[in-house]
Amino acid sequence: MTGIVEQIIAFFQGMGLLNLTWGNVVMILVGLALVYLAIRYEMEPLLLLPIGISAVLVNIPLGHLANWPIAPELPEEIAENIFAVMTYLNQQYGPPGIFDLIYYTLIRTEIVPLLIFFGLGAMTDFGPMIADPKTALMGAAAQIGVFIAMLTALALGFNLHQAASIGIIGGADGPTTIYLTTKLAPEILGATAVAAYSYMSLVPLIQPPIIRALTSKEERKIRMEQLRPVSKREKIIFPIVSMIVIGLLVPSAAPLVGMLMIGNLFRESGVVERLSKAAQEELMNIVTIFLGLGVGSTMRAESFLTQETLMILGLGVVAFASATAGGVLFGKLMKHLSGGKINPMIGAAGVSAVPMSARVVQRMASEEDPGNFILMHAMGPNVAGVIGTAVAAGVFLAVLG
Amino acid sequence: MTGIVEQIIAFFQGMGLLNLTWGNVVMILVGLALVYLAIRYEMEPLLLLPIGISAVLVNIPLGHLANWPIAPELPEEIAENIFAVMTYLNQQYGPPGIFDLIYYTLIRTEIVPLLIFFGLGAMTDFGPMIADPKTALMGAAAQIGVFIAMLTALALGFNLHQAASIGIIGGADGPTTIYLTTKLAPEILGATAVAAYSYMSLVPLIQPPIIRALTSKEERKIRMEQLRPVSKREKIIFPIVSMIVIGLLVPSAAPLVGMLMIGNLFRESGVVERLSKAAQEELMNIVTIFLGLGVGSTMRAESFLTQETLMILGLGVVAFASATAGGVLFGKLMKHLSGGKINPMIGAAGVSAVPMSARVVQRMASEEDPGNFILMHAMGPNVAGVIGTAVAAGVFLAVLG
Amino acid sequence: MTGIVEQIIAFFQGMGLLNLTWGNVVMILVGLALVYLAIRYEMEPLLLLPIGISAVLVNIPLGHLANWPIAPELPEEIAENIFAVMTYLNQQYGPPGIFDLIYYTLIRTEIVPLLIFFGLGAMTDFGPMIADPKTALMGAAAQIGVFIAMLTALALGFNLHQAASIGIIGGADGPTTIYLTTKLAPEILGATAVAAYSYMSLVPLIQPPIIRALTSKEERKIRMEQLRPVSKREKIIFPIVSMIVIGLLVPSAAPLVGMLMIGNLFRESGVVERLSKAAQEELMNIVTIFLGLGVGSTMRAESFLTQETLMILGLGVVAFASATAGGVLFGKLMKHLSGGKINPMIGAAGVSAVPMSARVVQRMASEEDPGNFILMHAMGPNVAGVIGTAVAAGVFLAVLG
Amino acid sequence: MAEFMEGLNLTVLGVTIVFMVLAILAVVLYAVGWTERRLVEREAPAPAPAPAPAAKVEEKPAIPPKDLAVITAAILAYTAEKAAQLRPLPFRRKVSDAWRLYGVQSQMEEVEDFNYEMGKW
Amino acid sequence: MAEFMEGLNLTVLGVTIVFMVLAILAVVLYAVGWTERRLVEREAPAPAPAPAPAAKVEEKPAIPPKDLAVITAAILAYTAEKAAQLRPLPFRRKVSDAWRLYGVQSQMEEVEDFNYEMGKW
Amino acid sequence: MAEFMEGLNLTVLGVTIVFMVLAILAVVLYAVGWTERRLVEREAPAPAPAPAPAAKVEEKPAIPPKDLAVITAAILAYTAEKAAQLRPLPFRRKVSDAWRLYGVQSQMEEVEDFNYEMGKW
């Protein structure tokens, strides 16, 4: 009867409950909190629900869903070689769990963030920015928040790679944040991704007090002229021209901007509807599932439960707030230069979080003057902010990557 | 003119017809039989049609669709390393055919069975089990069939790994069978998968005589009280709680149960409809195609045409029958304990094969008493049986894996 | 302040504009031309638009979208080992860009062309060929164009592997062309793919003068008897029989024909509608996106801008024209043998380009006699041409592969 | 034989674990259900969702069954007729995406239902 | 030159094989078709599927073409009107999934058709 | 501290580049827009697409709002009633694909709404 005894011992040694650490418990609670926010308050549920629930799952000990570390010590000669890395990790840590496969083959290779940018391109109408190109500058101004957050992170002791990844949270573009963090500082991917998506959904709470503090009642009341119509031809030329111009100037931003613009060309060309639909729906949905599960699986107790994570969450607020301020202040500058024709609030929409920040701006305009409609004008900086953040990420990659 | 002669010789040496073995012919006929059953009698066509037709295709000699063996002899130091294994097989057996790629990258890594469990979770309503939790025990009782079949297989000379894989057929959950067999005994994957799916579709033939033999007319006539309604909140909490409880108790079942419950949470949360739909439809369809093709491609003459395969098909009947008996007998026990309020037939639904076995039970109840509706009560053990089989698979993996 | 200076230097050295070669500029213009043709004239937009735009993108210097060469010099012992090749390329050329991953994991492994054949099978109705099997011979006759183009290419100095890949353009089946070229001569993949898809969309311009030159007015006026109806049973048996017959005779064509016929069986069986729909839509759309992007990414200045490419484009016309002539001349032979009951024009439809060449034939028949309807008769050679080209590709692979 | 004994042990272990796990799950579900009913009782006085169904009812005006039958028949007939009558001629309409996919294959039904007697689609 | 000769041989081989394979396929198809017709003849006395179409016919009551035209027009008009009239205001309705996807991008049409004269969507 | 200085440099560089790139993009867009308007002016005399909308208008006959309301109500009612009345009994109809997927799981709603009082679905 030794058999049954040995088996029972083996079984109970393998029971997750006996191997549960405090860290695991806390992480499970963190995951559940994200799930709760996603369901109860509909905070970015498409990402925060998968992220939260897979954070729960990977923190169940011995569950074999994620066997490999997120930021492993690697022999230097293979560190850059994803195929050699996976062979090595399999040797060191055993066969991959499903979350390891998702993380290392789909996210670490940047396939997933790039395919999401492709789908986003197919979903985005750049019309308002094409109709009024000067609003693109406000999309640039909001990137100041990225750099302020980066400097703050440096001052708090993060290294330059981590600081850049933290700063980019201020760009309010989830896939860009994931793309850059994966390349520069994968060890903090969970924290930056969660910060980016959480604050994006808090835009309606974060932005209004800052906008109100920096603008006067009169400024908020400024009405703007109706935008000119944009022709189909212009909409087709836009993604091609943007891809080439930005690609030639900042090649390190070419993957992000290129995929975004290919998607947009599929949309606007009108001749490949089934591919455009696939990019927006079937491919997008599948990729989003893997993105959420993969990012959530990086939230392991050992790497997530650090003081740094709390600091990153704090820095996220700094990033969003300073990006908003940057956009509004630049909006005021443009108001003066234009002789009062531009409502400075639309600069706040430059943080992206499309289209939420544009809607925040519209709501504030309506509050002051129910007949004031600046939503479409705010969409210009809004979509420009996506490009601006991709360019900022490109600069980081060119210098640090 | 040597050129043309040499070419003709080379060509005819490469002609499949001249290399056809008797084994190939038999396997092609077996594949055609599965295709016939799938089309003519609609026996689980979503799986048996792809399995059958790819069995036909891989048994055409020299076809380059499947060049690698299913259960190769591997140097011990790489046997557990999927990446090294694929590099090694490519070196030994030449470039992979499309079925090799499907089998080794999607099925051998367990990606496909787990994604199917994910989709199943998004398709399943656990309401009846939540409304009447004691029915979960009948889902446990039906697993007795798994162990009886395992013991029978051991007695017939199978080794423990194979016996466990054969036993799990009695769980009547295709993906669980594939998951476990791939891990424990990949050399019999084709046989266990075919047995699991074939007998599942024969549930309406296998179960009634057993149920009738074990229950009296009075028992079959027992009416049950209407189930209480289940709130949305309970349905949301259920997958989270199940995942954590089972994950902590049987971590080796965490991948299966975890993916099932993530899918179910997507479904019940109500905030990620497009992901839930993707899990049920686009992702599910694509994954099902690859599952069928991949499993069918393991049905090669050299490994499938053995006495063992026939024994496995026989043991499948043992598994289904004893699972049914286990469920019904436990149902009778619960009837006595509840003072006659429980119709023991619903125990038979514990074998899973959702929702077919529950419908079988309902039909038998209607035959005795047209006004007797126990379908929803039978759905409780029915869905519990899925969890029960996953737990049983987890126990096998913990001890043998 | 050395920091900022160094950074600026580093940044400008990394600017794509400074690294742009003339070759890049030309390739960007070629890509834009394809985009223009796809959008303005709707020339095969589902392929030429993605191909064109990714040709633009990969020719932006330093963009990190495609870091690996298309036809690298490889140590002989790993040349056939795709896993070792990817590890080696990563070591030599750095981490893969997204287009490298698409090309090496999805196209080079033939997954994408085979999945497209699978989807095409689910989209194709072989009814007209089943109703009148002798039309299959015209699908064979059109393959003469494949061999004439191959011989011409040989005469122009291409090697045998390249010549075969160029010849297959005359089959007018994009995926077959990509499949064969990837196996035999990947260095000219961009050119053959572009030629295949471009000329396919030019079928309405290329074919009519050739048909008119080879047929008399009386021949073009010949009316044909209505086709007999084809039963569901025949349509189900067809893919199974074709797969087995062709697989046994020409195993090297088994992957192409096998996947085509599996897809067709899914379609005709009527019991796996959700899989058939997935094959035609969600899977097809996703795979088409990757095919277009992957093929376009092979159009790099260094390998595409050669005299050979121009010659390949020229040979494509030869291939299409001689295939049309072959089909029509064989049609005339069949007219004589049948005592004038067959309209020889339907032989021209044997070049595939389904269903365009069949429509061309119909339009020409209507011009001579508005009451002459031979469209369905032309569909027979049309779909037979797909099989014929796959068989021709199989012969090339058997002898050269 | 040793392996069969091992199998027996595994059976004892397995059956125990399966029952234990599902029993624990059942207990947890009873607890969740009990808590839920407590919560619902506490929330009961607030009949918040009541007006919503009311609004829905408004959207559904009472229609006599006879009229309903007529409308139903009309719509069914319309759909059936339309499907039969309005089938577009393949030659006139825009080439569909499916037709164009690689210029290789197509939905053949679209060209198949040609009426040879009438010379029309 | 040697390679060209090899190509010629390959052509002879290839053309032979292609014709042979498709001819065999054609013969097989003739055989299948012949068998099918034998089977159909044998099954012919059993007109089993006949009642099914009959049932279908019942579902399709005769409607005078004029009424049909009116109903058609009504439904078309209804659909067109509804598409035009009932366009929901972006501000009131629930944020769609597309709007929420990563909080990054959106279907801009939804906010684009703002009428500046009327101050309304 | 050295790293912070590096960060400052990076900030200067980054802000410059971001503004520069978006400014260039804006200039390019102005140029594209300007060219477009030149092109449109030149193409203006050809009002080619005008008949197309006209044709569309024809498809939409004038229907009095009252009739429209009645038809709308009828269709809504019909849809609502049909959804309520015609729910097929799970036992009679063909097993759906979802039911059959691996014989494992299912859309449980299909069997869930059983009315125990009436003994009917």
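List of remarks:
When the chains are written out, they are named A, B, C, D, E and F in that same order, and each has its own residue count from 1.
The rule is simple: contacts are C-beta pairs under 8 Å (C-beta built on N, C-alpha and C of every residue); 3 or more make two chains touch, one makes a residue touch a chain.
What you are looking at is a predicted structure, and each value in this text was computed from that prediction instead of being measured.
Looking at which positions face the partner, chain A and chain B present mostly different ones, since fewer than half of the interface numbers are shared.
Greatest Cα centroid separation from chain D: this falls to C.
The interface formed by C-E recurs in A-F: of the pairs listed in C-F, A-F or A-D, only this one shares over half of its residue-numbered contact pairs with it.
Overlaying the C-alpha trace of chain B on that of chain C calls for a turn of 120°, given as a multiple of 5. In terms of C-beta pairs in contact, the better-connected of the chain pairs B-D and A-D is B-D. The chain with its Cα centre farthest from the Cα centre of chain F is B.
Inter-chain spacing, taken between the CA centroids of chain D and chain E, is 20 Å. Averaging Cα coordinates per chain places chain B and chain F 38 Å apart. Per-chain Cα centroids separate chain A from chain C by 39 Å.
Counting partners per residue, chain E has 6, 10, 13, 17, 75, 97 as the residues that reach two or more other chains. Residue positions of chain A with contacts to 2 or more other chains are 7, 11, 42, 45-46, 83, 87, 249-250, 272, 274, 282, 288, 395, 399. Only residues 3-4, 6-8, 10-11, 13-15, 17-30, 32-33, 36, 39-40 of chain E touch chain C when the two sit together in their complex. For chain B in complex with chain D, the touching residues are 129-131, 133-134, 136-137, 139-141, 143-144, 146-147, 150-151, 154-155, 159-160, 163-164, 228, 231, 233-234, 237-238, 241-242, 245-246, 249-250, 384, 387-388, 391-392, 395-396, 399-400.
Chain B meets chain E in the complex at residues 3-4, 7-8, 11, 272-274. In the complex of the two chains, the chain C residues touching chain A come out as 7, 10-11, 14-17, 20, 28, 32, 35, 38-39, 42, 45-46, 49-50, 53-54, 56-57, 60-65, 83, 86-87, 90-91, 94-98, 101, 281-282, 285-286, 288-289, 292-293. Only residues 5-6, 9-10, 12-13, 17, 97 of chain F touch chain C when the two sit together in their complex.
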